[in-house]
Amino acid sequence: MAGARASRIVLAPRLRPLAGLALAALLAQGLALALGSVSLAPGELLAVLSGDGEPLHRTLVLELRLPRALAAFGTGALLALAGALMQILLRNPLADPYVLGLSGGASVAALAAMLAGLGAALVSGAAFVGALASTLIVFGLAHGGGSWTPTRLLLTGVVMAAGWGALITFLLAVSPVERLPGMLYWLMGDLAYASTPWPVLAVAAASLMVMLPLGRTLNVLARGGLQAAALGVAVRPLEWTLYLLASLLTAVAVTTAGSVGFVGLMVPHMLRLRLGNDQRLILPASLLAGGTLLTLADTLARTLIAPQQLPVGVITALLGVPTFLYLLHRSRR
Amino acid sequence: MITGRRLLSPLAALALWLGMTGLVPATATAEVCVTDDADREVCLAASARRIVALSPGVTELLFAAGAGDRVVGAVSFSDYPPAAAELPRVGSYDRLDLEALLALEPDLVVVWAGGNPREQIERLPGLGLPVFFSDVGDVAAIATSLERFGALAGTDKAAGTAAAELRSEVATLRGRYAEADPVPVFYQVWEQPLMTVNGEHWISQALSLCGGENLFAEEAPLVPRIAVEAVLARDPEVIITGGMGKADSTWLEAWRDFPEMTAVRRDNLFFVDPDLVQRATPRLVEGTRALCAHLETARGRR
Amino acid sequence: MTGLETRGLVIDVPGRSAGRPLDLGITPGQRWGVLGPNGAGKTTLLHTLAGLRPPRAGEIHLDGRPLARLRRRELARRLGVVFQERHDDFPATVRETALIGRHPFLAPWQQEGPEDLARAEAALARLELSHLAARELATLSGGERQRVSLATVLTQSPRFWLADEPTNHLDLHHQVAVMDLLAEQASQGRGLVMCLHDLNLAARWCSHVLLLYPDGEACWGPAEAMLAPAALERLYDQPLTCVEVDGAPVFVPRR
C-alpha cells in the first residue's frame, strides 16, 4: 500500500486514471453521437462515421450532434479546469469558476445584448466582454490598497456576484415577455448556443499545456501563500496568472454555453476525493471528467423528454449532486 | 433560397415529375418569391409541400391559408384547428429540437420572429432549410400573411378567399362601431405579475375598433408589467381578461376587492376566450366581436 | 561574509514605533533563540528574515547578498521556514508533504525522482514518521503534524533554518528529539533561528538569544549573557526563580 502510494507520486501511474477518464470521454462522445430524438441504428451511425450513410443521417450526426457533443466536452473541460484553478487560487475547495462574480458579469452583458435584440454571435461576444470586465473590476477592487489576500479577493467577488445578481433580476423584470424564455435558458446554461466547438477545445488544450508545467508549483501553492513563497514560489505572479487564466477559461465557457453550474465546483472536488491533490493529475483529470460529465448531461438534456429540450444545467446538477454526495459519504477524508 | 440537395429529395423529384405530367397545376413548379416579415426575399423553386411551423399562431395561419395538409411539423400547444394537435412536434417554441425538425425534411420552415430562440433559428439556413420569418402584429398583417403563405404553399385561391373574408369582416365591425362612445378599458394578460398590452398590440387595436380606450396604450413595452395601483388610479370602466384558460374567472373576482372602481361597481368584469384574442390569427375577428359585445354591454350599464 | 546578517533592521509591526534597529549576524553553526512575550513580533521577525514580508527599515543580507535581490527559488534553496500556521485545506499525504521540500531544487517540468523520494523518506524516518507516510494530514494529531512540517524543511535541507515554535504541540520526548535534531543540524554547519516560548529549551539548546520587548526594544548576544533573570523578568513581566540543573539554568515562574 505504502509502496504503491509512493510510486504514484513519482511515476507514470498517473497515466492510469487518465487513460480511464480518456476512455470514458470517448464513450461519452460515442453515446452523444448515437443518441438523439431521431434514433439511428448502430449500423447507420457507423456508415455516417465512415464517410457514408444517408444525407439526412449525415446532417444529423455531423452537423448537429458532433459539433454539439464536442462543444459540450470543451465547455465542461474548461469549467472543471477553471474550477480546479480557482480552488487553488483561493485555497478553498469550495470555490467554483463563478465564485468571483464572473458569470454574473457575463450574464448581465448577455442579457443586455438579448434585450437589445442582438443576434447570437453578439450575445456571445457581450458575454465574453462582460466576464472579462467583471474579472478586472473584482481584481482591481480587491487589489485596492495594494495588498490582497485570497480572503479579500473572495469577499470582493462574492459581493460583486450579489450585485450582478440584482442587475440580472432587474434586466429580467424590464425585459419584454417574449424574450424571457431565451434569457432564462441562457441563465440556466444551454448548449443550443454553441455553434462551433473549436474555440472551447482550442482554449482547453492550450491552457492545459500552460498549466501542466506549473502543476508541482500549484501543489505547493495549495499549502498556503507563505509556505509556497518559502519554498521558492513567486506567489504573486503565479496568482495573477491563475486568476486571469481561470477567468479566461470561464469566460470562453460562459460565452459558449451560458452559465452551466455545478461542473466547475464538483468535478475537481470529486476527483480530489479519489485521486488526491496532485495538480499534475488533477488538472488533466478535471479536463477529461468535466468534458465527459457535460457531454453526458447534454445528451440527456437533448433526449430525456424529446422533442422537448431541457437546459443542460439542470442535468449536470441532477447527475452530479448524487454522485458527489455518494463519493463524499464513501470517502474517509 | 433552396439548395441543390433539397431539390434532389425524393418528394421534390416527385413533385417535379407530377408537374411535368400535368397532374398538378403548372404554378406548382414555377418559382415563387414573397417578402417575409424580416424584409427578406423568400423564394422557393416549387411550392412548399413539407412545412414546419414554429409557433401555435403560425400553424393556425397556415391552416387558415389552406396549407394545413402541407404542414408536417409543429411545436407544443399547436392545438388549433384540431388537426394541428395531431402533428409531429419539434420541441416547444422557446426551445427547438433541431434534430426532430431536420428529420421531418421540411422544404419550408416558418419561424416566429419574436418568439423562437435566435441562436437556433440562425442555424437553419446553414442546414439547407428555407426560412420564412413571421411576425404578425395586427389584422392587416394577418391578411397579408395568409396571402403570402398561400403563395408559398401554392394555395393562393383558398388563402385569397380567407384574407378577403377577414378584411371585409373587420371593415363591417369598424363600420358598425364607428360612432360608438369611447369606453376606458383595462385588458389583463396575466395576474402574477400583473400584465397588460400597449397600444401597438392587436388586442388593443381590436378594442379601439369598437370604441375601447386602452388605458395603458402609451406604455413602451408591447406587454408591460404594471402595478395594481396604476389600474386603480386610471379607474377603468371595463376590465377584460382571457384568464388562464376557458371561462376562468378567478382573476376577475380578485378585482372585487376594490368596489370603488367603476368597472367593479357596474359589474363590468368580462372574460374572453384567450385563444380568440391572444393569437394573431383569423379567429381574432371572432375575438374582436366578443370584445365589442362586452363594450356594448358596458355602455348599456351607464 | 557567510551568514544571515541584518543591518539596521526594523521589522514592520503595525501600530508600533520603530524601536531598536537590529544588527544581527547569524553564522553557520549558531543556534539563535528569539524570546519575547506574545505580540512582541517574533513571528514577524522570522518572516522578515525569510524575505516573506518587507522590513520597515534596514537590510538583510544572506551570504553577503541583499535578500531583496535574491530570487525566491534561490532563497528557498538556502533558507527554510517552519511555520506555526498551516493551511491543510486540500487533501495531502505525509509523504507528499515532506516531498514538497524538494520543490526549490526541481525544474518546473521535472518530476520528483527516486533520489528526491529517498531524501523525503530519510527525513520522515529521522522524525519517526515513516509509519505515517501514507496517512492523510487531516488524520494526524497536532504534534504529528508539527513533525511533518519539520520533515519538509529537513527534506529541503537549507543552510539556514527559521523555525517558528518548532516544539509546538510536541510531547516532552519529541520536544527533546526535535531540539536534538536542530542542534545536530547546527553542528553540521547550518544556522538556526528559533522563536521559542520555553525559556528552558532556549537555555539548554541556544548558543545565542535575542530578547524582543513589546515596545520594540531589543537586546541580543550569547545565551549565557542574555539569560539573566532580571532581563527575563522584565521581558515577560513575571517574577522568576532561577536554579541550575546539569550545568544549565532553569527558570520557574514564581507564584
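Lettered A, B and C in written order, each chain numbered from 1.
Simple rule for what comes next: a contact is a pair of C-beta atoms (placed from the backbone, for glycine too) under 8 Å apart; a residue touches a chain by one contact, two chains touch by 3 or more.
Since the model is a prediction, treat every value here as computed from it, not as a measurement.
Taken as a graph of touching chains, this assembly is arranged as a line, each chain contacting the next along an open chain of partners.
Contact tally for A-C versus A-B: the pair with more C-beta pairs in contact is A-C. Among the remaining chains, the Cα-based centre furthest from that of chain B is the centre of C. Put simply, the C-alpha centre of chain B and that of chain C have 80 angstrom between them. Chain centres here are Cα averages; for chain A and chain C they lie 42 Å apart. If you average the Cα atoms of chain A and of chain B, the two centres end up 40 Å apart.
Residue positions of chain A touching 2 or more other chains: none. In chain C, no position touches at least two other chains. Residues of chain A touching chain C in their complex: 1-2, 5-6, 9-11, 87, 91-93, 213-214, 216-217, 219-220, 222-224, 226-227, 229-234, 272-273, 276-278, 332-333.
Residue ranges of chain A in contact with chain B, taken from their complex: 36-38, 55-56, 59-60, 63-65, 119-120, 123, 173-174, 176-178, 181-182, 185, 190, 192-193, 195, 302, 306-309, 311.
Contacts from chain B toward chain A in the complex involve residues 5, 76, 89-92, 94-100, 102-103, 105, 114-115, 117-120, 122-123, 126-128, 195, 221-223, 225.
Chain contact summary for the complex, chain C toward chain A: residues 47, 50-52, 71-77, 79-81, 83, 85-93, 95-97, 99-101, 103-104, 106, 108-109, 111-114, 116-117, 133-134, 136, 138, 156.
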